[in-house]
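Next come two complexes, and both contain chain A; in the first it sits with chain B, in the second with chain C.
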Partner chain A sequence: MSTAPQAVTMADERMTKRAIAPSRGGRPWTFYLLATLFTCYVVALYGPMICIYILSFQDVRGGLVFPMKGLSLHWFVDLFTQVRTGDVKGAFDRSIKLAIVVTVITVVVSFMAAMAFRRRFPGDNIVFALMIGSLVAPGLVLGIGVGLLFNAIGIETSPYASALGAQLSWTLPFGVLVMFAVMSRFNPAWEEAARDLGATAWQTIRLVIIPVLAPGLVAVALFGFTLSYDEFARTLQTAGPQNTLPLEIWSMTLNVTSPSLYALGTVTTIISFLIIGAALGTIVFIQRRRGARAS
Partner chain B sequence: MAVLRGDIELAGLTKSYDGVHTVVQGINLKIPDGAYCCFLGPSGCGKTTILRMIAGHEDPTDGEILIGGENVVGLPPVTRGTAMMFQSYALFPHLSVRDNVAFALRIRGLSKADRYRKTDAMLEKVRLSELADRLPAQLSGGQQQRVALARAAITEPRVLLLDEPLSALDEQLRVRMRLELQRMQRDLGITFVHVTHSQLEAIALADMVVVMDRGEIKQAGPARDVYAAPRDRYVAEFLGGQNVFSGRVDAIKDNLVSFAAPQMKHVAVPAGSSRVGKGDIIDVAVRRDDVDLIRPGIDLAPDTSSLASRVLAVEYQGNFVKVMLDATGEDEFVAYVPERVFFRDPYTIGDVVQATWPCHLARLLAKTTSPTA
Partner chain C sequence: MRVSRSTISWLYVSPLMFVLIPFFVLPILVVLVASVFETDGFGGLIPTFTLANYATVLTSGLTFNLYLATVKFTVLTWFFTLLLGFFVAYFLVFHVRNPLLAIGLFLICTVPFWTSNIIRMISWIPLLGKEGLINSALLRIGLIREPLEFLLYSGFAVVVAYVHQLTIFMIVPIFNSMARIDKRVVEAAIDAGASRFDIMRLIIVPLSKSGIALGSIFVASIVMGDFFVTKVMSGGGSASVVSAFYEDISVLQYPGAAASAIVLTVVLLAMVALILRTVDIRKEITR
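Our next item is the complex of A and B:
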C-alpha cells in the first residue's frame, strides 16, 4: 500500500495522545472527577471498618459509639477473659481448622476438575451447570436444606460433616472458575513435551503441571480459606451445637453491648490480613526463587 | 552411540480422526538412516499428523511405522528412540535452561551431579553455556530453539522430529538457524524428520524432500530431483521456479510432442517414456531460468521452442530480473533473466518478445490423478 494512509494514522495517533496525556501541568477535568469518585469509594469501603478498629482501643469507660473514651487494650483483654462474651477462642479454633480442611479439598478438587474440563466429555455442560448452580442458590436456604436433610436422615449436624459440605458448595464453584482461568494459560504442548521426554502421567503432573500452575493454586487456596473462614449463611443451620467464628460474632451482636465486640472485629481482621499476606508472600517467594536462579 | 538404526518405514499409514475424513491416506515411505528428511506441504495436508504418529503422540488408524526395522505402533515415545522438537518449542516455563535440558535425565533417575555434567556438555555443544541459569522467557527465539534442540538431543534419540522448527523466527534468524540445524544433524549423525510449509527451507536442508497434498505423497526424492524434475503440476507449482502450461496433443514425431493450439505451433516437448496420444491434454513444465527472451524477427536455432508474447510486468530481483509474460493464457509464465543479460537490452511493459528454450529442457508432467508410484 502507499505510505499516505500510514502518515495520516500517525498524525491521528499524535493528536489523540495529546488529548489524553497533555504536556506537564494541568490534568484534564475528568482526572479530578474520577479521583473524587475513587476517594469516596475508598472512604465508603474502609470508613466503617476503621471506625470499629478505632473504637476497640477505648478504655474501661468505652461505649459502642463515638466519641472515643480513653485509649487502652482493655477490651481485648476482656474479650479473652470474660465468660459473658462467649467462647471466642474455641470458635476461632474451630473456624480455622474447618477452613483448612475446606481449603485442602477445594484446591485438590478444583485442580482435578479443571484438568478434566480441558477436554469435552459426555454431559460436561450438565456437570458444569450443576456446579455453578450452587453459587446461585441463596446461601441461607441451602444451609437450611442441608440441616433438614441431615435431620431427616438422622445424622447430627456437625462442623466436619454438614458444615463442611455446605461450605464446599460455596468454595468449590469459585475455586473451579479460578482454576479454569489459570488453566487457560497452560500450554498442552508442555505436557506432550514431558511425555516425549519419558515422563509418566504422574511425573508430568508433579514436575510440570503443578509447578507451572503453583501461583494459581495458591490463589485458589486463599479463596477457599477466606470464603470458609468468613462463611455465615450456609453454616448457620449446619454447624451443630458449637459456633464457628462468624456465628459467634453474630450471636455477640445480639447479647454483648461492649467494645469487646469491636475488639473481636479488630483481631479477626488482623488474622485475615496475616493469611492474605502469607498467601501473597508464597506467590512472591515462588516467583522470586524462579527469578533468582535466572539472575 | 548410535547402535540402533534410525531408518524409518511407513507402510500403509492412515489416520482419520472422525472415521469419515482421512487426514493421512495410506502413506508408503522409506527414510534412510541418518537422512535429513523434509515433509513439505500446505497447512492441513497431514504432514504434522505423520510426524506426531512417528513420535507416538498420535495413533495411526491403520498401517505400520517401523523404526530401525521394528514396528513401534502403540509404543510410548521413549521406547521408540524418537525425540520431538515442538513448533512453539514447549520449553517448561518454570525451569531454567539447564533444568529444561536435564529434564529427561531427571526422569531417568540420574543424580543431580550426573545429569548436570551431561547437560552442561550438551549446552556447550549448542553454545548456551552462559545462559544456563536463565528462564525460557528471558531468551530470544533463536536461543529458545537451541534449548529445545538440546533438550530433545540429550535423550540420544535415533530420530529427531522437528515440527515447523523455524516458523516462529524472523527471516534473518531463520537462515542462521537453518545452518545450525544442518550442523547439529551432521554432529549427531541421526535421522532428522522436519515438517515445513516453506519450499525454500525444505530444499536448502533436506537430503530427501517429501511433497504432500491432502494426506497423500505427491513426490518423494532428493531435493534436486523434486525441484528440477517435478512429477506433476502440483509439485511443480508448490516448489516454484517452473512455468507450467497445458495443451492438446496434435502429433508425436521423433519422440517430440507438438500441440494443436495455433499459438503453440513452435512448441515441442520430448515425450520421454510417458505414453501420450493425439488429443490428450497434457501439462508441460519449463524452468523459469531456462527461458530466454528474444526480440521478434530474430531467427531461432533448430530444436528450440518458442512462444510469442507480450511483457506484462518487470520486477528487479537483484541478481536476476523477473519478466512476466502473457504467453500461455491463464497460466502464469515467467522468465528469470540474468541481470547483466537483461540490462544489455532491457524490455519494458508492452514489448512483444519471443520466449524461447531448447526443446529438450521442457518436461511432460504426469496427470495429477496418479499420486504415488
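Our next item is the complex of A and C:
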C-alpha cells in the first residue's frame, strides 16, 4: 500500500469525475437539491442529540423541554448520587468491562472466520446461513431463548456467561461481515510471496496478514465494543440480577422524568466519542507508522 | 503431516460455531419446544405436545392487528430510510467532487451510529413534545393555535425515531456499492445521450441493488424485532409483535409467547431469504 499508486488512482478518479459532471463550470440543479437534502439529514441527525446535551446542563429547576433553566452540573451529580436513578456507576462499570471482553472475542473469532471464508469449504453455506440467521433473529426472542436454555440446564444467567454469549451472537455476524469487506482488499499475492520466502503458516499470519489488515481489525473492534455497549434486547433476559448500562437507561426512561436522563445521555455519548477517537487514532497511528517505514 | 484444506477452514470457523450453536441454534430450538408445550398457568411448562398455542396465535384478531401494526411501521420506515439513504449515498458518491470531502461527510453520517440508540430515541422528546421546540416555534409564528398532539407519543414519533436510527444502515451498504460503480460506464451513457433519469434507472439503481438489499435486510429485521421504540415513542398507544411477546413473558405465559415468537422469526427469515434470492450478498461483499 504505497501512496504513489493511490495518488494516481485518486487523480484519475477526479478526472473521470469532472468528466461526468454534466456541466463543467456550474453544478447541475440536482446538486443543490441533494445538497439541501443532505444538510437537512445531518441537522435532523445531530439536532435532537445536541438538544439533550444542552438540556442536561440545567440547574435544579430544569425540566425536560426548552427553555433552558440555569446552568449547572446539578443533574450529573444527581445521576451518580441519587438512589432513585439506580446504580449508574455500577452499570457503567459492568457494561464497559463486558464490552471489552466482547470486543476481544469478536476481533479474534471474526478474523478466524473470515480467514476460513476466503475459500469455499464443505458446509460453508450452512455456516453463512446460520450467521445471517443470528444477525436478523429478533433480539428479545433470542435473549429469552438463552434465558430459558440456561434455566433448563440449571445455570444462573450472568453477565459473563449468558449475556456474553447472547451479545456475541449479534456482534460476531456483524464482525465477520465487516471482515469480509476488509479481506476483499487483501491481495493473496502478498501471502504467497511470504510463503515463497519460506515463512511458516503462523509467520505468514503474524507478520503479513495481521499487519496488513490491522486498520480493518480496529474497525471490527469498534463495532464489537459499541454493539455490545449499546446492546439491549438480547441482554434484557440474560444479564442476571444486575443491570448493564442500556438496561439502566431503559428503566430510567420508564421511571425518571428529570434531566438526569439527559445527563446520562451526555455521559454515555462522551464515552462513545472517546472510543471512536481511540479507534480512529489507532488507525491513523498504524497508517503513519506504515508510511514512515515505507519511505 | 498434511491437513486437508477443508479441515483448516473448519478449524478457522469452529470458534464462530461454538458461539452460534449454543447462543443461536439452541435458544431458537428451546423457544420452538416451548411453543408446543402446554402451560400450567404459573410459568411452568407441561411437556405435552400441543399446537393449541399456534392455533391461538394464528386465529386471534389481536395478533393479526399486531402484525399489521408492525408491518405498517416496517414498511414506512423502510420506505423513508431507503429514500433518504439512497439519495444521501448518491449525493456523496456522484456529486461531491473532492474524494476526501466525500469520506469526511460520510463519516459525519456514521458517527451517531456509535452512540446509544436509546439516548438518540429519547432525544426527540424535547423537540416533539407538547411544549417541545417544534410546537413552541409553530405557536410563536402563529401557524397553529393549539400544540400539535400527534408529534410525540404517536405512530408519527415511532417512524421518526426509527428513521433517525436506521437510515445509516441504508447509507453504508448503498454507498459501498455505488462507490464501486465504474464512472466510465456513466460517462459512456452520457456520451450515448442518456438522460439523467435514464442513467439513474438503467445504471445506478441496478448496480446499487446489492447495497439496497443489504440495507433493507438490516432495516426490516431491526424494526420487526424491536420493541422499545414502539413502546416508548408511541406512549403505549400502539404495540408491536415483540412488545406483546414481552408482555406475555412478564406474566409468564411462555408457550403463547413462544409460538408468536416462532411465527415472527419464520416471517422474518422468509423475508430475508426472499431478499437474498435476488442478490448474492456473500459474493457482493467479498468481491
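Everything that follows uses one rule, which is that the second predicted complex is superposed on the first by the 265 of 295 C-alpha atoms of A that agree within 3 Å, B and C clash if a C-alpha of one lies under 4 Å from a C-alpha of the other, contacts with A are read in each partner's own complex, and residues count from 1 in each chain.
FYI, a residue touches a chain if its C-beta (ideal position, glycine included) is under 8 Å from a C-beta of that chain, and two chains touch if they have at least 3 such contacts.
Remember, it's a predicted structure, so these values are computed and weren't measured experimentally.
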Clash or fit (per the criteria above) of chain B with chain C on chain A: fit
Superposition-derived comparison: chain B or chain C, residues of chain A touched: C
Contacts of A:V182 with chain B and chain C, given as first, second, both or neither: neither
Partner chain(s) touched by A:V102 [first = chain B, second = chain C, both, neither]: neither
Touching partner for A:L79 - first (chain B), second (chain C), both, neither: neither
First (chain B), second (chain C), both or neither touched by A:A163: neither
First, second, both or neither for A:L130, with chain B first and chain C second: second
Contacts of A:A263 with chain B and chain C, given as first, second, both or neither: neither
Contacts of A:V146 with chain B and chain C, given as first, second, both or neither: second
Touching partner for A:L197 - first (chain B), second (chain C), both, neither: first
Least Cα gap, in Å, left between chain B and chain C after the two complexes are fitted on chain A: 10
Residue ranges of chain A in contact with chain B within the complex: 187, 189-190, 192-199, 203, 207-208, 211-212, 214, 290-291, 293-295
Chain A partner contacts - residues on chain C that touch it in the complex: 5-6, 8-13, 15-17, 19-20, 22-31, 34, 84, 87-88, 90-92, 94-95, 97, 99, 105, 108-109, 111-120, 122-127, 129, 131-133, 136, 164, 167, 176, 183-184, 186-187, 190, 196, 217, 221, 224-228, 232, 242, 245-246, 249, 254, 257, 261, 264-265, 268-269, 272, 276, 281-282, 285-287
Residues of chain A touching chain C in the complex: 10, 13-14, 16-22, 27-28, 30-31, 34-35, 37-38, 41-42, 44-49, 51-52, 55, 64-66, 108-110, 112-113, 115-117, 119, 121-124, 127-128, 130-142, 144-146, 148-149, 152, 165-166, 168-169, 172, 176-177, 180-181, 183-184, 222, 226, 229-230, 232-233, 237, 246, 249-250, 253, 261, 264-265, 268-269, 272-273, 275-276
Residue ranges of chain B in contact with chain A within the complex: 55-57, 76-78, 82-84, 86-88, 90-96, 103-104, 106-108, 133-135, 138, 151-152, 155
